[in-house]
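First chain A sits with chain B, and in the next complex the same chain sits with chain C.
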Partner chain A sequence: MKRLRTVWVALVALAALVLAMVGGAGASSHREAPMISEDPVADNTDLYAWVRNPGTAQSTVVLVANWIPLEEPASGPNFWKFGDDALYTIHIDNDGDARQDITYYFRFQTQVKDPNTFLYNNNVITVETNGAGEAVNYPGLNVQQSYTMSEVRDGNRTATRSSMLTPPVNVGTRSTNTATPYATLAQAAEYSLGNTGIKVFAGQRDEAFPVDLGSIFDLLGLRPFNDAHLIPLPVEAGVNTTDGYNVHSIVLEIPTSRLVDKDEVIGVWSTTERRTNRIYSNNSGERLSHNGPWVQVSRLGMPLVNEVIIPLGFKDRFNASHPVNDAQFLDFVVDPELGELIPFLYPGVVVPGEPRNDLVAIFLTGIPGINQPANVRPSEQLRLNTSTESGFPNGRLLTDDVVDVEIQAVAGIFCDGSPSAPDEGCAGPTFTSEYNMPPNNALSDGVSGNDMPFLSDFPYMPLPLSGYDS
Partner chain B sequence: MRAEEDIRRSLFRGVIAALLLVACNAAPAAAPTTSVPATTTSTVALIPAYSPDNRDAVAAVEGFLTAEGQGNFSESFDFLSAVDQEQAGDREAWVADHLFLLPPITGFQFTSDQVVDDRVEVMAQLELRPGLDELVGLTPAQADAIWVVVEEDDEWKVAFTESSVVPLYLEDSGAPAAVSRWVEERRQCATPTEWEGGLLGFPALADQLCDASGAVEVGEVTTLADAAESEPFLAAFGPEVGIWARVVPVMSPTPMRAVVAPIGPEWVVIGVLEAA
Partner chain C sequence: MTRVEQIDRTEGEKAVKPSPPWRAALTGVAALVVVAFLVVRVLAGNPEVAGPPPLTLTPGEQIASLEQRVQAQPENFAAWQELGAALVQEAIQSGNPVVYTRAEGVLLEGATLAPNHPAILISQGVLALARHEFGKAAELAATVRAADPFNADALVVLIDAQVELGQYEEAAASLQQLLDLRPALPALARTSYLRELNGDLPGAEQALIQAITAGSRSGYDLAVTHSLLGDLYLKQGELDRAEERYSQAEEFFAGLGAVTLGRARIALAQGELASAVESLATLTERLPTPENLTLLGETLIAASRVAEAEDAFATVEVVEELQLDAGIVVDLELARYEADHGDPARALSLAEAAYAERPTVFAAGVMGWSLYRIGETEAALPYAEESLRLGTLDAELRLWAAEIFAASGNDLAAEEQRQIAAGLDPWVAVVKTFAAAE
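On to the complex of A and B.
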């Protein structure tokens, strides 16, 4: 007993040290926080959630969580892959209390079939499947990644499947598009979990988040509004920064009845966890080892929250935090810095002042009557009303232009307030806002759509760009 | 500063994860671990093996373990001491994180209890649902537990973070025979008995056993900590792998080392390394 108490004290000290070292921890969105920008394999980039066939017995919820931002397709010989040393998760809160009720856990493993070559694939890659058409082997592929998925409900594991394969990355014409079209290779990596009705895919996909990062982070430039900026430039069309890049996606399609409880609204967020200690060693050519319990290093629910709402000094903390504790970030939503920057950088644009209760609804509680749970505890999650059609901010479709929606939202187009009295802020959200007028409702980075077509069926995300063609 | 609950939650997870690890470290990793019978119970069953001296304290542990065995973690929370309830965060956090807090209990048997200062220690043997995966690592079939019980407002409560759970692993001596059987199955190109999650390390070496001719022998058992290429196993199962995994050399036309894990009543091959 004494020994355990001693250990407890030591662990407290260790954890305190770890916390001090990491300044909190983690991250979300594209390289949006200091720590996670240096750990792309663990970096959540986007989260999507929508319902298909709402209100019917066939209703399903599609969840898409992406990692590894701005992934260069031609990244051989060591192409991008999920981290063997990370724990990837997608959490569901189905009663509004800001706690996960259902979690989908993913762990990946990499097997190098032949360590005596530098090649990612040592032949044209083909696929062998089981009777269900699911991949059991990719002949020709030397670096194979497999994974295990577990569904955990109220602390109990309720579904699990292992030895599922990720498809090869889209290397190029010779490797992944000769004997077997890449679409066929990838399709074989769609798996079903027994009689649960759950479908899962994990692997490389095209980066489909439209955004003009180059202009936005150059003093919040919006190219179509360049002439209205405090530092004017010629008006230009937006440039989609993510064109030409891939990501790694985990896609789930789950019967809606498996996710909802009493409330039709669910909250979704994804995280990445790493072990607390990473130890490098040069003994015997050893690489590194990972020790200690899992700790969250990345988090993503609503898009762009940590990117442009949370200040730099708090971003790592946000990524290490849990929704149940989001009250600590409330002030950044009630009085967002972006709400002050827009009228400063774009003179003449009138934006509501604090309190921004419209944004509190959009980002923290869900909008009453649309996607707010009956017993909601304010917290940052992607909220989805499963009984009706989806579209951001009620869930998020792959095609939603969330950059424009959020810029305009910060500009007040859902604000229950008056441009004649911006200092009074917003009483809440409304769809008949007086701010819903030009230029507020026209603000845009000038980017929408995607360079690759979305798929009409599972896994919906576009096929990845090939290294050869990039 | 992070929110207090975020910090507490991380610490709680860490402490509980460490309970098993630290308990394992109490015995030298290379030393034979306690042998366990091959049979396990499948349901929670209180089998009084003795007459408890501290019935109310033992009853508190019984209530806790029964709720755990039923997967009713919301109820097992009620048996925790106030300090432990606070450490857990709240009932919802205790439930949500439970997969990482305590292995699934399928049965238990009390063996003794004693008063130590102002508390009671209740000793029990636990039957667990054995398994190996990359989420929680290895769950053995059995464990010894010392549950610390404290009195609060005339009720006995389980001091969870002061209690200990010591996994019981198979004896090393069974590992070579398991590897021999696996090699033979592989040589016959039959579906081998191996970890269902797929072999770690260099599985292509195992594929070369199919239809291989020549003599095959297995060598002496060592720990994985002796192996230079343990990183895939560490990444998959965490640092505890160094405690329970064993390495058995395979001398054959394709020499290799088989890495085995004590899953349930059997040693099972979970990976292959190149020969040392």
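On to the complex of A and C.
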């Protein structure tokens, strides 16, 4: 009897299971491993470049490169950090040939001071500094990351410093704001490279890129223009998606003379590399390291290129590519799909057709007379004229609203052409475009500015939000 | 002014611009559909910043919010695609059949709006893998790769399908491409498995540690990777290190089935049968797969709880019958069960079907064992040899082969396999019997 009853119970219990089998769930034990190759630690999110005191002897260039998008401040105990297994770079092309002339390399290394605890910090965090006020130790911090930076020109190392520390992430009031204010902890992580005049900072900061992703990714919605959309919605203010999130930044300030060669214009892009790997060792019996050469997994110059210009199907290809081969992406710039979507989704907006030589200048060659090198090989870089004031698309300031500028640029506000003949496209860029009129020059996602204040001095990026307060 | 004509187009392999077939169709209702597709092509899959909804939502909230969105915008392809992807992930994590069905329906809806869109093909591929439709998964991946050979996610789907179809050389070639393109967690975890299949356990361990170092935003993915490393330590008899990894997996994602199974096996290896039964009972309540139920039954036998064991086995048989009645493709786990605890002749026919579709080393092993169990030792021998062709360090494969070699009169080879097995999977010897007849 017991046996029969048990089987009956089992049968009832199996109703769900049968469904599971029909649905295919758990039909056998195939090896499960993570599927989607999301890699936040290697993900270049933003790049900024601007010049301070242009045209003077004190002129410097500030470079800010960000990784790890949308970090939640309260992400303990495994707080975000740079990858120990990744190579972070910022490249400079100072003669327009689409090849790097100067590269800044960063390698990080994590030391767990007390391996017997999983805690990020086991006490209030303070800082010990050297005579120059630079951090040499963060007592209380258990998971410490240090790094080496090298400047390489034409294969030669021309400046380097090791054992620099990243500050702790902003854990919360008790950990990182009790004995020592967080700003002081972070400030001690600003380092100088001897007599080179180079300053460097690497660590957590507030995510300061204003963008309304929720709306833009929903059929290119621009909340302030909701009534003009093909699918109209009530007009409302934009929502800044990055409010409340942090990011990891590398900030460099470098004497302009160190970067500029013959041309006042430099091009900048940032990459992340990871080591490839061989699957099998050879048959000699000797164990190989299984570690191969570095491969580039992420690339960023101009903001949003991989969203606005490069079609989805070419995203991975772009991330693996190098500026010197950018001719392969030319057609995407000459005839961007977005340029045809705007007038369709926003009826009444007239946008130039192809060829978009205005966008070719903005994205690939620099704008003549503004930020185009004398001898330019077209390639996608953030181009900066170091002899004049910066502002996107001549370099990029932290405060530039690049989403609005790029949407308006795609809408033609720099187009040398006429809205009365949009099919003729754009002969090139101009600052007196006939397209520079409403609504083209008013298109906006409705967000600008940031939830945390920018700093007036190095490292400029806002302090990170604290985990406790988020 | 820079003219396009001045630009050197010769450098680098040219990216062929997808032809816009929608130009002529930009009128009427159809246009809306096409445009939805195009917007996603331009904007979705943003690598710089994760898309909506906010990361702070739980998977349930996220799905609810995405469900609302497809109700509000049924013509918006992106809404269907994002919901489908979230549902596939939830289906895999929960094993809930209702979610699988919903995921399939949502993805079909999206596919109708935007045929051959890479993101939807990849989600369909992931779903096919979860359902063990490996041939279908490979086809879906191939469709994506035909349009975009650099698509890393399509390579991941393809590699898994090739491994499960027993196409090991093709899988290695695909994986090498992925490693050279994007050597991050998914590539490294698969490197570990191919090394493990080929008998390189230290290399497998190294790759998994690298995978963990590379990291992920997903706690679930990190938990799965830690538990795989735990399995690898368990295989080598390092029980403490295995438990350490299972604990870490729990920190990242509570309630992973692989962790419960791993802990049951640790208990078995330590001879703690009551504790193993408890873990397996918990596991089979949530994931009543033939494999888990068989292990529960075998553990109960080892604990001399024969009546309960019979109940567990009876449950496997119910599952088997219901599966056959429903016309579902039966698999190797059922063949394993039938070979040892049911009808070996049926085991053979199940194994033959599985082997014909996917001749993996495990399918070959089960073929050999099923043949041996019905007394066809001579026919079993080539399959036993084939099951060892990669040098896979798996106690069950080795012990099956040992029995078959011994029955074929090759005692030396049998002893060699037994010695290899002795250092592997310490839980196996506690519960598995390898006798010619019961």
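By definition in this document, the second predicted complex is superposed on the first by the 420 of 470 C-alpha atoms of A that agree within 3 Å, B and C clash if a C-alpha of one lies under 4 Å from a C-alpha of the other, contacts with A are read in each partner's own complex, and residues count from 1 in each chain.
Criterion: a residue touches a chain if its C-beta (ideal position, glycine included) is under 8 Å from a C-beta of that chain, and two chains touch if they have at least 3 such contacts.
What you see is a predicted model; the values in this text were computed from it and never measured.
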Winner by number of chain A residues touched, once chain B and chain C are compared: C
Partner chain in contact with A:T276 - chain B first, chain C second, else both or neither: both
First (chain B), second (chain C), both or neither touched by A:S150: first
Partner chain(s) touched by A:T365 [first = chain B, second = chain C, both, neither]: second
Touched partner set for A:L70, first chain B, second chain C, both or neither: second
Contacts of A:S163 with chain B and chain C, given as first, second, both or neither: first
First, second, both or neither for A:V324, with chain B first and chain C second: both
First (chain B), second (chain C), both or neither touched by A:R52: neither
Partner chain(s) touched by A:K199 [first = chain B, second = chain C, both, neither]: neither
On chain A, positions contacted by chain B and by chain C: 3, 7, 11, 14, 19, 24, 84-85, 275-276, 287, 290, 292, 295, 317, 320-321, 324-325, 328
Parts of chain A lying in touch with chain C, wherever the complex brings them together: 2-3, 6-7, 10-11, 13-14, 16-46, 69-70, 72, 78, 83-85, 118, 209, 211, 213-214, 216-220, 230-231, 241-242, 274-281, 287, 290, 292, 295, 297-298, 300, 303-304, 306-308, 311-317, 319-321, 324-332, 334-335, 337-338, 340-341, 344-345, 355, 357, 360-361, 364-365, 368, 372, 377-378, 416, 427-429
Chain A contact footprint on chain B (complex, rising order): 2-3, 5-7, 9-11, 13-15, 17-19, 22, 26, 71, 73-74, 92-100, 116, 121, 133-135, 146, 148, 161-164, 196-204, 228-232, 234-236, 238-239, 274
Touch list for chain A against partner chain B, complex: 1, 3-5, 7-8, 11-12, 14-15, 19, 24, 84-85, 87, 97, 99-101, 103, 105, 107, 109-115, 146, 148, 150, 152, 154-157, 160, 162-163, 275-276, 283-295, 317, 320-322, 324-325, 328
